[in-house]
Amino acid sequence: MDYTLSEIATALGAELVGDGAVRVTGAAEPAQAGPMDLALAMSPRYAEALGQGRARAALVWSEADWQAMGLEGAVIAPRGRLAMARLTQLLDAEDVAPGIHPSAVVDPSAEIGADVFVGPLAVIGAGAVIGAGARIMAQASIGPGVRLGEGALIHSGARLGRNVVAGARLIVQPNAVIGGDGFSFVTEDASHVETARAELGQGTVSDSADPTWHRIHSLGSVSLGDDVEIGACATVDAGTIRPTRIGHGSKIDNLVQVGHNCIIGDHCLLCGHVGLAGSVTIGDRSVLGGKVGVSDNLTIGADVVLTGGSIVLSNVPAGRVMMGYPATKIDSQVESYKALRRLPRILRDLAKQKG
Amino acid sequence: MDYTLSEIATALGAELVGDGAVRVTGAAEPAQAGPMDLALAMSPRYAEALGQGRARAALVWSEADWQAMGLEGAVIAPRGRLAMARLTQLLDAEDVAPGIHPSAVVDPSAEIGADVFVGPLAVIGAGAVIGAGARIMAQASIGPGVRLGEGALIHSGARLGRNVVAGARLIVQPNAVIGGDGFSFVTEDASHVETARAELGQGTVSDSADPTWHRIHSLGSVSLGDDVEIGACATVDAGTIRPTRIGHGSKIDNLVQVGHNCIIGDHCLLCGHVGLAGSVTIGDRSVLGGKVGVSDNLTIGADVVLTGGSIVLSNVPAGRVMMGYPATKIDSQVESYKALRRLPRILRDLAKQKG
Amino acid sequence: MDYTLSEIATALGAELVGDGAVRVTGAAEPAQAGPMDLALAMSPRYAEALGQGRARAALVWSEADWQAMGLEGAVIAPRGRLAMARLTQLLDAEDVAPGIHPSAVVDPSAEIGADVFVGPLAVIGAGAVIGAGARIMAQASIGPGVRLGEGALIHSGARLGRNVVAGARLIVQPNAVIGGDGFSFVTEDASHVETARAELGQGTVSDSADPTWHRIHSLGSVSLGDDVEIGACATVDAGTIRPTRIGHGSKIDNLVQVGHNCIIGDHCLLCGHVGLAGSVTIGDRSVLGGKVGVSDNLTIGADVVLTGGSIVLSNVPAGRVMMGYPATKIDSQVESYKALRRLPRILRDLAKQKG
């Protein structure tokens, strides 16, 4: 890239202060910034290191005294991470020319839209429909009957199973799997795990029952809204009869498991290692921190926040912030943790009183 | 598909009521069912929505008043999920014609059984033996020396490392890895983590010790019984000297980690994100809920149920139902959780009494 | 393999006792060992089973009475697992002849070092630099601009994104992803999750806010030291502006998530399912047990041990051994667990006293 500070301010819709003619060719953290780098100094803590680098221009916070910081010019970013979103988009030069690599295996019945890129050794199955401008990177698989909206970016090694449907601008990170079979098995007669769940662990083990697990096939595939992103090695299982659904604008991090028949609303975030068992419903705009687990058939309302590591064993009403195992309202949970920390000493005191 | 209700009842080994000549061409949830769909109304809760759809036939529970529900005919499914297993199997039309795609790379020394399908860009290594009727889907890898029983289904991007052996009807979901190297490293002298484990955190850090981790190679590969299924992006590591083993009929969900040298019995279920450290033994018919972790070298008995999120730090006897971190008998654990919830108030009361 | 016991002792730098001329062609656990196997009997517990096998030679512990154990000769391994590291390395016959498979797709601008193997259907992108002796196995992807030091071993289906840089002897297990995009999104105005974090769950949900998540692109790639190993289906995300870093000799297990901008020191171990959110720093020689989670922007010191399943919500000083959720010093945590176990009975007693 090669921009003037003034051009960057315009692109970011942000205020320019100082010399708008300063040219930058990249971005860097303050200590590593050279004279052609835009330093990222969006808070006083980051700005401290400006002296260790040689930046002439920076992205700064609203009240920053940019002149005292030794800069020739600055772009003011009152919401630093939002400015980063726009800046990194501007700087991202990744691009591929449309075309189908000769080593790709594309079924003759697939419909490939305008300006699509299909990388080396990618596979596109029978009847698949790929929207305009999509990029199917090296070694990715698009199963039979898949329909992708315009502008999809399917990274290397990602697997989209039969009949997956997605809206516009889907991003799938490498080696993610969308539309694998659900984990759904049943025994002839009630299994030990069924009685144990029903009776809180009091179920007895039957020696005579046939332990064979019969497989429920997954015929429902997956349906994704517009602007969905699925992380590396994440897995979204196909529904049994109807699709597993993820709404518009929802983002799924690496190594997340979304079980069969789940319905995830719009604009949700599911962070790394989140696991949803089968048939979980999640309302719009909910955020699940890393490693959150949700038991099968539960409903999580809209605008819920589940902090990292929470294990959810019952329904959660809209707007609730929950923590812990089992997940509980965060203020009660923190109170319990504090009480537990004091408990050993209190029990010792009680024992002394008795003695 | 296109079946009469009577044909479906026969295929499911289930009782028909009403007009067996009604034709159905698919299955659907009650509210979405059209006149040619078999509605899935296996419980009163599901059946409520029948009025929103247009189903003429349904799968219903034993006592269902199918005529009052407005149906022309019904198949009675006293164990709904078992009926679903049979029905979805009937409906699953996925099929590929045998043959080796010209873009696949098959080592000349590999033995390919009758009626095998090898998909585009798949790789089969030297000396591999592929049983009759197997389907090796696009871009999958079968390492050198692998032996697969009849009817295997290896999905796209799955990796089977050198010398993996499996019985009949193995199913491997996309991007799973069987036979990667175990996570097994050792320092020249006792490391901090070793002393910390031995002394419950009282170990001192030695500044002089060489921190280099030496690698223990994994030479033992993996051995799988008949009817095993491995989920998407799950990983089953090779044993050190002898195989890591998974018994007949056991099912492993997505993103599960099975460490080197583990021995898993027959008919077990390991749900999403379960993690077994090295050398764990699990008895027959045990069920591990989502996100269960088991520390290395532990033994879990047969018929054990570990509820989702449990972290197991000691051996578990057969038949036990366990919960929590550290995993404890479920009834004690629930009692502790309840007591903990009451604790903050009780401590406040105690403080008042003292005051 | 085919070695005399004496040759094995030399290779292991270990003491030989008995007949050094005994030949062995493999290694086995004591009960399974045949007359040509070196039995692995490094502790009395393992040695018990020698009688069930037919071993003539074994690897034994320092004080072992090898003659009483019926052996003709033995190699003394005072630190058994260290001997295993050396022995398994000796026994590991995996090898491939250098050369580029004709089905691989190698960009003409890539620089391929001496004695490199590129397997079938692998892809090497524009400008990539592959050090001498590297093995890029079947169907792996090396992105544009990647630089690999000498002796790399990149297993089947592993994905290295654009501009990933690694030192010597990198090992990447199958289907791992290095350099996928970070999970980094921001709304125009403060989102509910931001206020909920700031106010411990007391934040109110704003109905008017635009819930759209804007994407922060990941331009910084990943930088790995020498002797790093990355497990199967593990994911290491690219940094935003500067690289995500993993130091020399650190080992990352299967299904681990390393978020964008993390900095991991030298000689660390991160066990299966560990999850680091964005911008976490980990000091040298720290060991994170299976399923440990670390919240974003935290600093873990050097020589820290986090036991399996710990969820870390605040910084951890060097040398500390931590356990639980939230992670706490192990001795306090164990005390709390014990007190909690006694609590239900104590509360019952208190209730009786009152009554």
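Read from first to last, the chains carry the letters A, B and C; within each, the first residue is number 1.
What we mean here is this: a residue touches a chain if its C-beta (ideal position, glycine included) is under 8 Å from a C-beta of that chain, and two chains touch if they have at least 3 such contacts.
Keep in mind that what you see is a predicted model, and the values were worked out from it rather than measured.
Participant: For the copies chain B and chain C, give the interface type as same if over half of its residue numbers appear on both sides, and as different if under half do.
Facilitator: different
Participant: Since chain A and chain B share one sequence, what rotation angle in degrees maps the C-alpha trace of one onto the other, as a multiple of 5?
Facilitator: To map chain A onto chain B, rotate by about 120 degrees.
Participant: Averaged over CA atoms, how far is the centre of chain B from the centre of chain C? Could you give it in whole Å?
Facilitator: Using C-alpha averages as centres, the distance is 23 Å.
Participant: On chain A, where are the residues touching two or more other chains?
Facilitator: Correct list: 103, 121, 139, 157, 175, 233, 255, 273, 291, 325, 340, 343.
Participant: Mind pulling up the chain B residues that touch chain C in the complex?
Facilitator: My answer: residues 103, 105, 121, 123, 139, 141, 143, 157, 159, 161-162, 175, 177, 180-181, 183-189, 191-193, 196-197, 200-203, 205, 211-219, 233-235, 237, 240-242, 255, 257, 259, 273, 275, 277, 291, 293, 295, 311, 313, 325-326, 328, 332, 335-336, 338-340, 342-343, 346.
Participant: What residues on chain B touch chain A, complex-wise?
Facilitator: Residues in contact with chain A: 27-29, 32, 40, 79, 81-82, 84-86, 88-89, 91-92, 94, 101, 103, 119-121, 138-139, 155-157, 171, 173-175, 229, 231-233, 249, 251, 253-255, 266-267, 269, 271-273, 284-285, 287, 289-291, 303, 305, 308-309, 318-319, 321, 323-325, 329-331, 334, 337, 340-341, 343-344, 347, 350.
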